[in-house]
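Structure, as structure tokens:
Chain IDs A, B, C, D, E and F follow the sequence of writing; residue 1 opens each chain.
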């Protein structure tokens, strides 16, 4: 019944191998310690205002409070993403493209009760995420695969919903949406939350290039998302500018011991208007 | 300083002449009596919940109460549209494409203090709207022109913002957005609120065709908006599905003496999912 | 040897289901009683001048005379369509896309002696047509299938000729011609007779929208046919404007007891020039 | 009132100069002697059956009889082209693109009474044609210009009708139709009669290359006409395959003293199906 | 392990059959006698300066000297082509599209040690080439197939390198490069050496049409190569104008007993600038 | 006679302002001290092997020797670029798009004797370059303008040649080549030398992002150049991979006191194959 994509030839280019290496070796506390809070390991940022009281109180538990609050904000982000999938029947199937350590897939299964396939080009992430699903006893429904989101091997029309939670900046959007369009059932829903640079302020700003360099990624202009969707039968139904909502997350993180240095370019880019944090929900036609 | 588009050759096709005739002769109470409430004459529908108490109370003033409430909802719709223009400096210029009897133009000028040009292919509407602007003493800032939105004659890059408030269903979207893109300054904002049929449910439903027939219009599929924007340098920043928010307006209107018969196909189409009421805000790049 | 398309998933959208329901329930005398004349049941209109004498004579047989004459004109139309297929060898295979109650398929088999597959999304039509083929003893050569013309399941390159006899207004032309191009052998012939609205007179006229509403269809502009063919390797070799030739059919029908009310918008649209009755023959390259 | 295109820069490429040289020096009896019959000098071929009796009778007048008959057929061709322009009011303006020695322009003026502009890149042809118009006293209405049909210098929307009578094989069709679309009024008519090679039989046959070499021209595939029209707002309304109708002209010409040697590749190409003689009438939208 | 393309339906059009016939019957000494020199039979032209001394000396061996020199130049051309394939590991596979009598395939195998598949639509060429491979004992590695380069039947991604050595003028470039892109592994290399006409001098010159007529081919404009590559994921890395380098070959050949008459249009076209001899190397992405 | 582009509105976006600021404030010794050698101030890199002896000898003049050698290599690069312009008559006009401190413009004027216009969005660079032209007494022929290369204000068809010497990474290539195509005379030549990332190795590598961040630029993939040229009538005639030829320049520079830190990502990117140094020469058709 279940089709597992073939692992052969997953990493096609030197670039993909470099990205995979990065994530295979990544053990960033900002991802691990936040996940430790409740076992939902995310690889994306948060939205919503933080509780300023976490910055106060005893120094020895300050980090703990901040970590819990950052984690709350990143789970809130995943919830907003899942809200835009619309209702999903338990018998349908979902794809988490670029699943990281698997948190959003777990939340989706918990919400809808349906089968979720998460894919990553990092074998370490796949293994880690699989372990989490097993630990929670949902590995019959939530499966993680070592697969390339540009060529997954999944059957045509197999999914009722697909999302990319901050994972589109590693791939060409025309190739990505062609593959998503192929995999979605007619009328299926696609959702992405992504950082994109602002065509209106012009080319990639210095701050945006610093983010690209940090993650070895290729942040796209906002326009590229809509061009690539228009070319691949994905029709937007909701577009939400989450920029203002994500700034508090970065401000809190910058004040924590988990700051990685990438906080500054993010805050600069968002504030100068050269970068947006965007949610797009679209239907497959 | 001000450029007025040339009136010659405004009506290019038999279809455009028929549309102009329709609106030149239209004296629908649902438009006139609602406008009489406060002198803002709209040609679009409303959003938001209505106050159910207007349906109760003395029969002789029931209509008056409903009319005031419907008008409140249609002004609320215009406010939401203007919200998405973002901040507009008083020295900039705005274009109301398909301005009807001019209500939204007046509201925009009142909000931003800037020059607003409204255009229509109905000379009667242009005259009526111009009279309203004069009456309010804003005719130095708010001007209405007999012009075709596909070929306005306005100079290139002249406008900081352009909107279509339910007027895109009379024109080809590729031609329209090409002309809008030409007229917008770099970084300018475009906003439309429109009914569009849902590609996901398939072709134009019977209810949608009844609306087309009622207004001699050509409702577009949702996908057409995004394709035509992608082809013309208009990049969405917000897309809001207003369908649920507009249904109360129609339910109230259906219960009023002003009902024109088109309420039934609108409610049917919205409820069966074959039709959306959509706001799109996009930047010119 | 013979491949039958799979029935699963034939009706993909709410729109397609609505169209199928319409035709499953349709028992319009204008189709049934005309077919009864000689057992060729058509779902298209006629061409050529009618014999005015059928309007005269005894009242009690007037209907019968008109019916026979209308049927002669609609069979004449089918003959003109088949003329444009060119010579077809008995060993080749033809596809009647949107076959209705099957009349043109029967005529094609009678003319060329070859295998003909008719497809419809109305199971009732498929059953009715299959019964007719059986009755005539040609069901070894003429087969009707419950199938979607956008995704038939027939093998690539299987057909030497394909036609749509007034059935393209239910589908997207780019999708349709992509599927036709896939199914046609290199050098195969495609023929359609269709009503299309006239880009020159502008958007869909009120009369055209009335036709759309009557049949829950989506009449295309003339230009759409040529754009979609150019994009799909279909090269016109003959285009014939049949508008003048079809008007007599509608004039006669309007005077008969079988008139359904749609005669008026057809005559209005044809006479005002907003609508054409067009034959296009094209080669697959 | 009348705009004359600027002569500067008419010949842009070495190829255009070679074509101009060819026609400046051409004094082919098959063009000159046929024109002498009644002063209508054509540069195109004929259609219709010839009267076989012209081949019989006294040898000394055989050529004269054949010449008169060939001329009758080529004038018949021009008449069919003009038929497809539809009705043209005397106050409108027509463009004969690639007018040769001007015959079709004279016939169009005689039929419609309107202004006709003929253009050629051969100054000799322009001078010759101008002399003919003067001789007939129609030079106030029929003017010939030394101009490049890809960049005429005529104003936008100036013409109600444009035709190419066998002159499209010297230019890129996308460039040509872009310029025609620019020059035609909305709703204006374009007509071409042309030889085109048949995509269905594959690439340019040896016979077609011989014709190309004879005239230094670039015969296009049939598909190119429809692609270039679709891309430039020209929508076919009639397409007529005149191949069978032109073969008699070539058979008669091959038997005359005026044969130039190109008769053989024409007859071969038409008969083997690698070449079509096509009329296309299209509307500007 | 080895996949052989299916022979069925190789010749799809009359044009392809004519080309196949031409090459099946061709026994031109300029190809055969040059190949006899060392058993490498080529069907392309040469590059580099010739040794003028071959024109001097005893008359009875003059031809022999010229033949050896022409052959040296055509082998030099094949070497330059192979240089641009870059390093090819022995375990990879190469495709010689339009292999003629097979010389370049043999050279490629000798250089890289890898498997080479040559394809031709001339069965005679395939048989001849196969005989040569057997004679050299490399028929386990070098195989020739009767196949159409537009639809080879080879598996997707099978080849590390593909070349066309003067064989692109028989096919549509968009179809050709689509098939090549399909067959090349990601990152694979494509190389072509070809004559192309110069868009800058305008349309096909008379000399170019004479070459087309001689070989029943369809020489493309230079621009067509780059458009078709851009559309099919082939990205140039080196483009070399070999025109000056190939003229000596033609000058020498024109002075030999093997001259076929096509020397004059080639020299004219190259010298007048209407024709280029171009090498393009591109990567598959 | 001379047209100077209007300075108004040169800097359209925040990005362009940031780039202008960067170059207005840049006083990098690697540019200034190299230019001091002979008064040709370049803003590009060099090609060719360096003389290893410059690294030896007295320490106090080591820098001087290296600077002279680096300057020799960058002037050699400019010479190769100018070689690909082909012959330019003294009466023609050239455009140096992104002229920096003006060195290549001076060299072009010295070689061809013709008028050269250099443009930059850095007013400081324009002033500096203008001063150099005055000092050399060529300011009647070599003029520098504060202008945006995407919208120069120069007349259509004004230039026989245009080049970008390492300045394309600041702009969208489709917009750039559209403007270049507009400005070039038919048959004019365009040349660029540029760094581009390698589609074959995948997305932007970390090293490439470091270069982007250093210069606030947007390095394009190689494929983008050919797509944008194909879309804008620019047809390649020579493409040269200069990667191997530029590596020595970087190796020498890395050993000098002028090293800015960007040497390491350049050398890494070139050596790992993720980045190319490419020359493209193309004709305008």
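In this section, a contact is a pair of C-beta atoms (placed from the backbone, for glycine too) under 8 Å apart; a residue touches a chain by one contact, two chains touch by 3 or more.
Every value quoted in this text rests on a predicted model; they were computed, and no experiment measured them.
Among the other chains, the CA centroid farthest from that of chain A is the one of D.
Interface residue usage between chain C and chain D, two copies of one sequence, is largely shared: over half of the residue numbers at the contact are used by both copies. Here B-C and A-B were compared by C-beta pairs in contact; the pair with more is B-C.
The most distant chain from chain E is B, comparing centres defined as mean Cα coordinates. Chain centres here are Cα means. That of chain A falls 37 Å from that of chain B.
Taking each chain's centre as the average of its CA atoms, chain B and chain F sit 50 Å apart.
Measuring from the averaged C-alpha position of chain D to that of chain E gives a distance of 39 Å. Residue positions of chain C touching 2 or more other chains: 12-13, 186-187, 200. The touching residues of chain C, counted against chain D in their complex, run 186-187, 199-200, 222-223, 226-227, 229-231, 233, 235-241, 276, 278, 283, 285. Chain A makes touch with chain F in their complex at residues 12-16, 18, 170-172, 200-206, 209-210, 212-213, 216-218, 272-274.
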